[in-house]
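So, here come the structures, one by one.
Here come two complexes built around chain A, the first alongside chain B, the second alongside chain C.
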Partner chain A sequence: MSATVIQAPGGDAPGGQLQARQRILTLVMVWAILLSAPLWLPLVGGYTSLGTRILVLGLAAMALNFLVGFTGMVSFGHAAYFGLGVYGCGLILRYVTASTPLGLLAGLVLGGVAGTVIGALIARRRGIYFAMVTIAFQEIFYFIAYKWNGLTGGFDGLRGFTRANLHLGFATLDIIKNDVVFYYFVLFIFALVVAVMGLILLSPFGRTLLAIRENERRARFLGINIERHIWLAFTLSSIFIAIAGGLYALLNNFADPSSLYTDLSGELVIMCVLGGIRVFWGPLLGAAVYVVLQDYISSHTVNWLFFVGGVFVIVVLFFPRGLLGMLRRRRDA
Partner chain B sequence: MLQLILFNLFNGLIIGAFYVLVSLGLSMILNLSNVINFAHGNFLALGGYLAYALIPFIGFWPSLLVAPLATALIGYVIEVTMISRLYGRDPIYSLLLTFGLAFMLQDACRYIWGVNGLPLSVPNNISQPLSQTYFFLNAYRLFLVGIVVVSVLGLFAFLRYSRMGMRIRAGILDLDTVSALGINVRMLRSLNFAFGIFLAGLAGVLAGGQIGLNPNMGDTLLLPSFVAIIVGGMGSLVGTLLGGLTIGVAAALTAVVWPAGSDVVVYIIMAVVLLVRPRGFLGEEGMQ
Partner chain C sequence: MSDSPMLEVSNVTKTFGSLVAVREVSLTVARGELRAIIGPNGAGKTTFFNLISGFFPPTKGRIIFDGQDVTNGPVPGRVKRGMARTFQITEVFPELPVRENVRIAVEVAAGYALRPRLSATERAGVNRAIDELLQRTRITEKADRLVGELAHGDQRIAEIAMALALKPRLLLLDEPTAGMGEQETFEIAGLIRRLHREENYSIVLVEHDMRLVFHLADRITVLAEGALLADGTPADIAANPDVQAAYLGHAA
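Moving on, here comes the complex of A and B:
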């Protein structure tokens, strides 16, 4: 066992020129699609806010995949930190000040602090037990949002706030009324977060996370402090997903307990798997496919939940590598 | 005040009994198959609905046994055809599979039996209160606690003394060795899964008689049952038993002084246990 050579995992390894060229090609393609989306979305029967929704949930799924795909720890309770981002942003806008950046910052801090504390409590667990503890912890925040009627609006959710226009000094961005401007604002935040995420994964710290994923025992023998790395990865991931949560609050002008619920956690995980957890952009594609599919199914039948559940089962049993994972496999073969 | 405390304590015992049934089944499946069964609460609801469908034909008492058995059979088929294909793979896949199955079962129940809650009729002679002062004590609730005690004792006796129970316990410790000794591990896991689902189905029938049936009735029991397993210690069924009773009673007693906090206290207990004793009450060292 010790003599087996671990094959470098696909495209996320520092490779030769061919791989570098492929990576650039991928980047160009992804950004061309994302930047031009408001132009062609209406032509294919979509609408701009659907694109924004995909972007936000895609960011959330990519943030989760930072932990699931690149550290190898399956969190099934990441809706907690997403939801804290939603509520953090919503509460600031509702009670404190009408400032979009402050709202996002508050969401980030709330989700990040919770992720730091809980990450410390669970970093020693592995595999299915790690997943189980994340599920259980997410319920705390759900109940707080659900029961603290006076602050959060309880079951009905937090209403009565709207995102505020952005004043840049030389110009004002109208993100309240103009869907397209809001899309580009979300895309700007998305780009920042994804860039940070990508740079972390390319850094020595990110490489260490991959090493832990591939062979934890060997990484430990090399003197790596596994628990501290997992804790940090969990914290970073919860910060990233809390930013997505803040954007979600801005998108809907509404916060409700379902954004903290187990169902959303499961949906985020299926987005990751659907796109491919070993691929950086996989979760974004997974989110796009899942959101469109859910939109389609729920507009055709009242029993949409049955078919969404069916999607989970089919993906797991027949396409466990995800869409991009299969593509890469075919290319490598 | 005393009456209020007694009332809540007894309620806590009832809820704790449900937690115990649900979490013991979950725990058996988790220990031997390394699978978190998200659909467990939906199997519970299915058990209740099957009893509802069976009672007009065979009456309450036979349904109490037949409905859980039918649920277990459905669980067995699902395990053999789908879940067993994912053993040994990354846990993410079995999590997602049972998660999807939960959606499907929930919607199937809704489709067949309707969105609105249904009452599950319990025989008249056990649904009357026993006394005016202690109105919360009726024969059905005492009977419910009795059934749970009997099934838990039966389960532990089965695991302790029967050949198959021994194999299950051995398999939890070291599945490879059990397999090398010539035991059909695949079959063992399938039957073990069916046992866990049987307990869920039983809990469903009992819960239906207590609070009525609805497609989401298992959801409120499922997550606290995870906590019961974590608090009691992974890998220990006695621990799960203690965990379930602890959080049931703690939630009920909290309801006396702080009604809104009765759900949250369950998770506060979990956080404290994880902080002070990460392996839980009776968890095996190293099983984490």
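Moving on, here comes the complex of A and C:
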């Protein structure tokens, strides 16, 4: 069973080789799908910006899962750092400069700094207390975004900015009007972040996070400084999700308080569980299922949440390891 | 400082509310000594281990490990200085293979815990250390099985292998044979003996199996109701009337 893509360290054992081969196969499949999506999405009744939305929310869910699935700490307040990424990016584009990279960087810094500070404050809490404090901080950021009308546009959100085209010196990428180019730009950022995430999880540091998830007491008595490692995991996770937030601002050309709100945190947790929290790519699949269901069903009924909830309940009851977790288990058996 | 004892515990007390779990207990463990701690259920043996290993600080008293006062120090500091422990209820990483359990311990001991990557040489060194530990504890054939799927005895051996990965100078084992069958007990006893006699580890062993205790221990400490009842060689303890009344009397 390698519900974790992440166990194999590249050791010399035959088990390690098998897992390495499986990992490469998974990578090839995932990237073939993601790279070709703009070609086949319209053929199956989709559209490119739906794919972009899946990438962005999938990245956010994977960033959350870095903490939930691979460190074992459940945050119900991760929309805070996503939302700070959204506002960081939006505010730069709106007030400072029409630069897409600077916008993303600002989002990363804003979400990352908040995650670093709050992570340090809460690294000693466990279980439900940890989750509650993450929600409490999220409420604070929501309140600020909601009340600070002059800067953030308050309840109506921040408008009046658009993503800027990318000037590469030898060429200009038209991400404003060309959906497909924008998709590939988002996929490029997605690939960078996911590669960093994956490499960290395969590193000695990443293994200490698995150790904390598996058995905190054992990890402590191996000499791991648990609080420091949880803090680092929280910080990294908030940086990753803030980048997703920045992309979300670019996608919508809009920032509103709901991107900082509890509802979104809950949706991200649902995406993780749908796809499978012990599987690296699980949350991406979860995001795809969630976004597609939402898009498809909401065009037929306003009660789409009811159906999404139904799917969620079915998955939790019958596939407790999530959709991808179950697939992996099958294949190994 | 190598002429100081390995471990010197003076007058430690631990209270939980009104319960005195450990009362004014002192203990000195020499280098290379195998010390057994015995006592009836609830005598405070595990609590005493928790004090030594830094699980919680004592209410009173002092703990000197390898010449250094560690009384209120954090766990990682003790581990770095060479103290490793196992638990009465096995503590492992159940969803990871044995090899990965040991790998984590080896990497942390090598100071790689915060490393984002290892060089090829470092990785080879880690793999060598893992193979060596698996061989020493004779669990190589099960290296690629998930620890959580192994028999109880093998899980305990995996836990000991992780403790050994820390290259400890003092090994604390809390009832390593608890819940084991005859054969498994025999294997663990063999492992402990090899560690003590051939590899010269200092070991503190909490154990209910009297044959094993009297067979392996250099000295035995008896706790009863949190207090020190007796401390001596196996022969002293076997002849001690208080011990027979309080403890061996029940067991026999």
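Please note the rule applied: the second predicted complex is superposed on the first by the 306 of 333 C-alpha atoms of A that agree within 3 Å, B and C clash if a C-alpha of one lies under 4 Å from a C-alpha of the other, contacts with A are read in each partner's own complex, and residues count from 1 in each chain.
The rule we apply is simple: a residue touches a chain if its C-beta (ideal position, glycine included) is under 8 Å from a C-beta of that chain, and two chains touch if they have at least 3 such contacts.
This one's a predicted model, so the numbers in the text were calculated from it and none came from an experiment.
J.: Which partner chains sit in contact with A:L199 here, chain B, chain C, both or neither? Use first/second/both/neither.
T.: After superposing on A, A:L199 lies in contact with chain C but is clear of chain B.
J.: For A:L210, select first, second, both or neither according to whether it touches chain B, chain C, the two together, or no partner.
T.: second
J.: Just to be sure I read the superposition right, which of the two partners does A:F221 touch: chain B = first, chain C = second, or both, or neither?
T.: second
J.: Based on the superposed arrangement, let me know which partner A:H229 touches: chain B (first), chain C (second), both, or neither?
T.: After superposition on chain A, A:H229 lies in contact with chain C alone.
J.: Touching A:V313, do we find chain B (first), chain C (second), both, or neither?
T.: Only chain B; A:V313 stays clear of chain C.
J.: In the overlay, answer first, second, both or neither for which of chain B and chain C A:F137 touches.
T.: first
J.: Tell me, which parts of chain A touch chain B in their complex?
T.: It comes out as residues 68, 74, 76, 121-122, 124-129, 131-133, 135-137, 139-140, 143-144, 147, 262, 266, 269-270, 273, 277, 303, 305-306, 308-313, 315-317, 320.
J.: Considering only the defined contacts, which chain A positions touch chain C in the complex?
T.: Residue positions touching the partner: 1, 3-4, 7, 9-15, 199-200, 203-205, 207-208, 210-211, 214-215, 217-225, 229, 232, 278.
J.: In their shared complex, at which residues does chain B touch chain A?
T.: Of all residues in chain B, those touching chain A are 30, 34-36, 38, 82, 85-86, 89-97, 99-108, 110-111, 223, 226-227, 229-230, 234, 260-261, 263-264, 267-268, 270-271, 274-275, 278, 287-288.
J.: Along chain C, where are the residues that touch chain A in the complex?
T.: So the residues of chain C touching chain A come out as 53, 75-76, 79-80, 84-85, 87, 91-97, 99-100, 103-105, 107-109, 112-118, 123, 127, 130, 143-144, 146, 159, 162, 166.
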